[in-house]
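In what comes next, chain A is part of two complexes: it sits with chain B in the first one and with chain C in the second one.
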Partner chain A sequence: MTQTFDILVIGAGPAGVAAATAAAEGGLRVGVVDDNPSTGGQIWRRGAASPAAARRWMEQFESAAITRLMGWQVIDCLRLGPDGGVLRAEGNTPGGEAADLHFRRLILATGARERFLPFPGWTLPNVMGAGGLDAMVRGGLPIEAKRVVVAGTGPLLLAVAAHLKERGAQVMAICEQASPAQMAPLGWALLRQPSKLRQGMGYRWTTRKTPYLTRCWPLAALAESSVGESDGQNSQPRLRSVRLQREGRQWTVECDYLACGFHLIPNTELAALLGCAMRDGFIVTDEQMQTSMPGVWCAGEPTSIGGVECSLLEGQIAGLAAAGKTGAALALSKRRAGMQAFVEALERACRLDPRLRDLAAEETIVCRCEDVRMAALRGRSDGRDAKLHTRCGMGPCQGRICGGATEFLFGWRAGQVRPPLYPALVSSLMEEEAAGSVAGGAEYAVSEGIENV
Partner chain B sequence: MTERASTALLSGGVALSVDGVIVQVPPGTTVAAAVCVAGAWTRRSVSGEPRAPLCGMGICLECRVSIDGAPYQRACQTLCAPGMQVSTCGEPALP
Partner chain C sequence: MTGHADVIVIGAGIVGSACARACAAQGLKTLVLDAAGVGGGATAAGMGHIVVMDDSPAQLALTRRSQQLWEGISAELPADVEFERRGTLWVAVDEEEMHEVRRKQAVYAAAGVRTEVLDARAVAGAEPELRPGLAGALLAPADAVLYPPAAAAWLLQQAVSLGAERLGPQRVAAAARGEVRMEDGSKLCARWIVNACGVGATQLLPELPIRKRRGHLVITDRYPGFVHHQLVELGYLKSAHAVADESAAFNVQPRQTGQILIGSSREFGAEDTEINRSLLAAMLRRAEIYLPRIGRLRAIRAWTGFRAATPDKLPLIGPWPEDGSLMLATGHEGLGITTSLATGELVAAEITGIRPGIAAEPYLPARFLNGSPAASEQLLFGEAAYD
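Up next, the complex of A and B:
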């Protein structure tokens, strides 16, 4: 399949929705691609509490003349020049289908993912990300009457706890690793964003019966409960309880799920593959959200983590600028400066306590794809060295999960990005022009080689 | 059949098979959620640990399963369809 667009947007979260809607107003051919089967990104998709503003955006987006390719992931860039380029995407349907997406201008709105830190037991089933468990519940996982411990760092914890509570979960504790002093500037910044403040207070009201513990984190996820009962000999291990620590005190809480995420890290792999310049892990843009690559704009979380309003504004700016409406884009970009204080306060509030580096024991798995343990990684000089000697980061997630951990644990930076961006059918990568359905192909390529499955 | 499954059936639920066990889920349910409802894990790690979904958003690939014979499908990014045949590598968990 081949499709041609004036403007192609990657990601259908708030940033991508705003970008596509703004760009489509001028009658240009606009396309949006997203890996997920439904639109709305991490926050708006599938039954999240949608405030009026969210509904307005989604209505505009749904009624605009935009081609929506949902359930497609961009896996490679075939060509990029000043006058446009071609991306290859693969459909998430069993059997696989590939498409070549031609564009004149490109807007990257690829969002962010959670950071995970290894601790004993974090690979047990039912230990998930905080946003991860929330996404699973929105995808139909029954949570009513289940006991959940929410842990990690960032405002997402409170949002997730409130949402799970509304769905009938019993939220046992919210454990925030940060100290109150570290979070204070965020409180000040929120005073200048009354809508966000109201939302936060609403989340806390919903979860008022749950303790919100600062400087608190999980020491271990356990397959046994505190009263010593454990699964029978032949059964599979599963999460029974979590051992928590707060300022010298340690205790165990029984639960069915541990939802644990340490704030967000930007999805910059596609931008990096295209050659966009980066600073401190984020994509660099000018005031109109244009990257260092001509014809490529970037909006939302890959440029900074600033919440949904920030992603929306950046999306609008990028959409207008890519559609050639420079004046309107520049007028909006003045408002972006006002959001910077929040972005900085958020970054500071989520800075990780160095003691979290000691959570992983020697035998704790750090790279879940290849089961590489902490002991094997000690003494390696950098990510590349670790990859060569231990296979850390060489599995199907391509280092997206362990990379966030090893960056914090050892200071390793992500290496060069190579296609495919996600494991893809070899046939999807080889065809000169992307063809339709490929029958029976079962050879998958991850960036470091081919895996037969 | 659980109360939930029968509700799903009454409200036009979707029936699919997870490792040969028929599960009924409401429309719009992801395969990852259906696998959990069926009490199964999604895969076994290279050293044999049972694994289940972690990120819920298509990044970690812990949720990969075979769907209708096609391996390596991310269950969290795939919606259940009637008659779908899902197979995991893990053994079913006890309830």
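Up next, the complex of A and C:
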């Protein structure tokens, strides 16, 4: 399959939705690709409990003339030049069809993923990502009357705890690794963003009976000592409790789920493959959200972790700029500058306590794909050496999960990004680029609407 | 570390590691250094097929000797080397290639290598995923598969336990007349310097007739039992010979992990490690001709590596006539994992004066000094040399 767009947006989270909507206003051919079957990204997916603002955005997006390619994963960039390029995507269907998506301009809105840190027991069933558990509950996982401990760092913990509480869960504790002093600037920044502040206070009101413990983290997730014979079906150990630590004190809390999230890691793999310049792990953009690669814009988490409002604004800027509406884009980018204080405060609040490096025991698994344990990783000179000699990061996730941990534990940086970006059918890599018309073809009558930027 | 060593091995790829082990085993005071970790160069990119090849009598002798040496240490190899005697199936598509199968069998037999000719039925039985209608195959049961970086690390660790010393990551800026100068300016001296820098050898000795020949590989997720042997098309030889441009051949290997490693391509003139999409696609389509269902497997990573190619397709092993302290161990093209062990043996024998297991002459670098190196390179790399 081949499809041709004036503007192609990767990711249908808030940033992508805003970008596509803004770009589509001028009648350009806009497409949005997301590997998830539904739109909305990590936060708006499945619609439930969306704030009014989200609904407004989604309505505009749904009613705009935008081609939505949901359930398609971008696996490679076949070509990129100043006049456009071609991405290859694979459908999440059993048949695994491949499609070549031709574009003149590209907007990356690939979002972020949670950072996991290894500690004894973190690989037990029912120990999961905070956002991950949240999404599963939205997807129908029964959580009523279940005991949940939420641990990690960042505002996400509070949001997840509040949502689980609303769904009837018994949230036993919210463990925030940061210190109150570290989080203070975030409070100040929030005062300048009333909507965020109201949202945060709402979360706290919902979870008011749950202890919110700063400088607190899980030491270990503990398994059921004997496996219930009555269910007789599996011998896999189950989560029973979590051992927590705060200052000098340690105690154990019984629970059914442990939801962990040690902040977010931007999804920059596609941008890296395209050759976009990065700084400190984030994509560098100009004030109109254009990356170092001409014709490629980036919005949302890959540029900085700043929450939904920031992502929406960046999405709009990128969408307008890519559509050639420079004036409108520049006008909005002034507002973005005002959000920087929040971004910086959030970064500071979520900085990980170095003592978290000591959580993993020698036998704790760090790389789940390949079962690589902590002991095997100690003393390796760098990430590549560790990968070659221990298989850490060699599995299907290509270090997307363990990379966030090894970066924090050892300071290792991710290696070279290569196609396929995600595990892909061999057949999807077999085909020559499907013919399409990129720059300057007669088919591009509609594209004349794009002014030169 | 200061003082005077007998041997400094530059490069801790599989070849340098094997040289260090062989030298240390002879009681030579040996130092090993590398710009990075052990086995991070071409050794980290190679397939790890331990294979006897009969491109020329010299190649047959070197690969055969090496395979015997691998066989000899196979029981000692730790689990992470993933040594498995998978055997090679040289797949023949038609009668013409069956002719080649029988010729190959005769050559191997003369060298003492046992092989078995499989007819169409037997091939289908041995590898049910191969497409129907193949003519047959030659099975070389003693060929093996291993994980090269772990093999290099083990060889180096053996060297260290035999008394060799490994120095921290250091890039060598110059090596001549018994002196090795690091990029940071520090120096080391030795009676012998072994240049085992793979394709990097020319940085220290620009006149070496070595060119980079890029290759692509793709690894899949785990599909235990999809194939059982290393599967290679007989046309592979045509690809290995085609020096002029890009080529891709069917070369598929089962890993101990259950993963399938798909190769391989050959390409001159490429300097970066990027993926050449159309060559990768051609390589995978080639594999699909033989394994029609390979397209349904999931690929998790693709990468490239550089082979150090010489004009006559034989490595450079032995003294460099222009400098009495320099010993070369490079130019192994697509066979350095296999031939590392015999290379180590030849280098140690040259240094100590003992008799090596095979004749050293065909691999001596002096063979390129009869005329001007540039001239021979022109002649031998050029299309004229292609037969």
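Basically, the second predicted complex is superposed on the first by the 420 of 453 C-alpha atoms of A that agree within 3 Å, B and C clash if a C-alpha of one lies under 4 Å from a C-alpha of the other, contacts with A are read in each partner's own complex, and residues count from 1 in each chain.
Basically, a contact is a pair of C-beta atoms (placed from the backbone, for glycine too) under 8 Å apart; a residue touches a chain by one contact, two chains touch by 3 or more.
Bear in mind that the values here come from a model prediction, so they are computed numbers and not experimental data.
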**Request:** Identify whether chain B and chain C fit side by side or clash on chain A in the overlaid structures.
**Result:** fit
**Message:** By the touch definition at the top of the document, which applies to A:Glu176: first (chain B), second (chain C), both, or neither?
**Reply:** neither
**Request:** Go through the superposed model and pick first if A:Asp6 touches only chain B, second if only chain C, both, or neither.
**Result:** neither
**Request:** For A:Asn36, select first, second, both or neither according to whether it touches chain B, chain C, the two together, or no partner.
**Result:** first
**Prompt:** Between chain B (first) and chain C (second), which, if any, makes contact with A:Ser427: first, second, both or neither?
**Reply:** second
**Request:** Identify the partner contact of A:Pro237: answer first if only chain B is touched, second if only chain C is, both if each is, neither if none is.
**Result:** first
**Asked** Looking at the overlay, what does A:Leu133 touch: chain B (first), chain C (second), both, or neither?
**Response** first
**Message:** With both complexes superposed on chain A, which partner does A:Asp100 reach: first (chain B), second (chain C), both or neither?
**Reply:** neither
**Request:** Count the residues of chain A touched by chain B and by chain C, then name the partner with the higher count.
**Result:** B
**Asked** Looking at the overlay, does A:His389 come into contact with chain B only (first), chain C only (second), both, or neither?
**Response** second
**Prompt:** With both complexes placed on chain A, how many Å separate the closest C-alpha atoms of chain B and chain C?
**Reply:** 8
**Fill in**
The intersection of the chain A residues contacting chain B with those contacting chain C is 395-396, 423
**Item:** Touching residues (chain side chain C, partner chain A) in the complex
**Value:** 36-40, 44, 80, 149-150, 153, 169, 218, 220-221, 262, 273, 275, 277-278, 280-281, 284-285, 287-288, 294-303
**Item:** Touching residues on chain A, where the partner in the complex is chain B
**Value:** 35-37, 42, 46, 71, 73, 92, 94-96, 113-114, 116, 123, 125-129, 131-136, 139-142, 231-232, 235-238, 365, 368-371, 395-397, 400-401, 423, 442, 444, 453
**Complex contacts: residues of chain B adjacent to chain A** = 4, 25-26, 28-30, 32-34, 36-37, 41, 45-47, 49-62, 64, 67-74, 76-80, 90-91, 93-94
**Item:** In the complex with chain C, residue positions of chain A that touch it
**Value:** 76, 78, 380-382, 384-385, 388-389, 394-396, 398, 416, 418-420, 423-427, 429-433
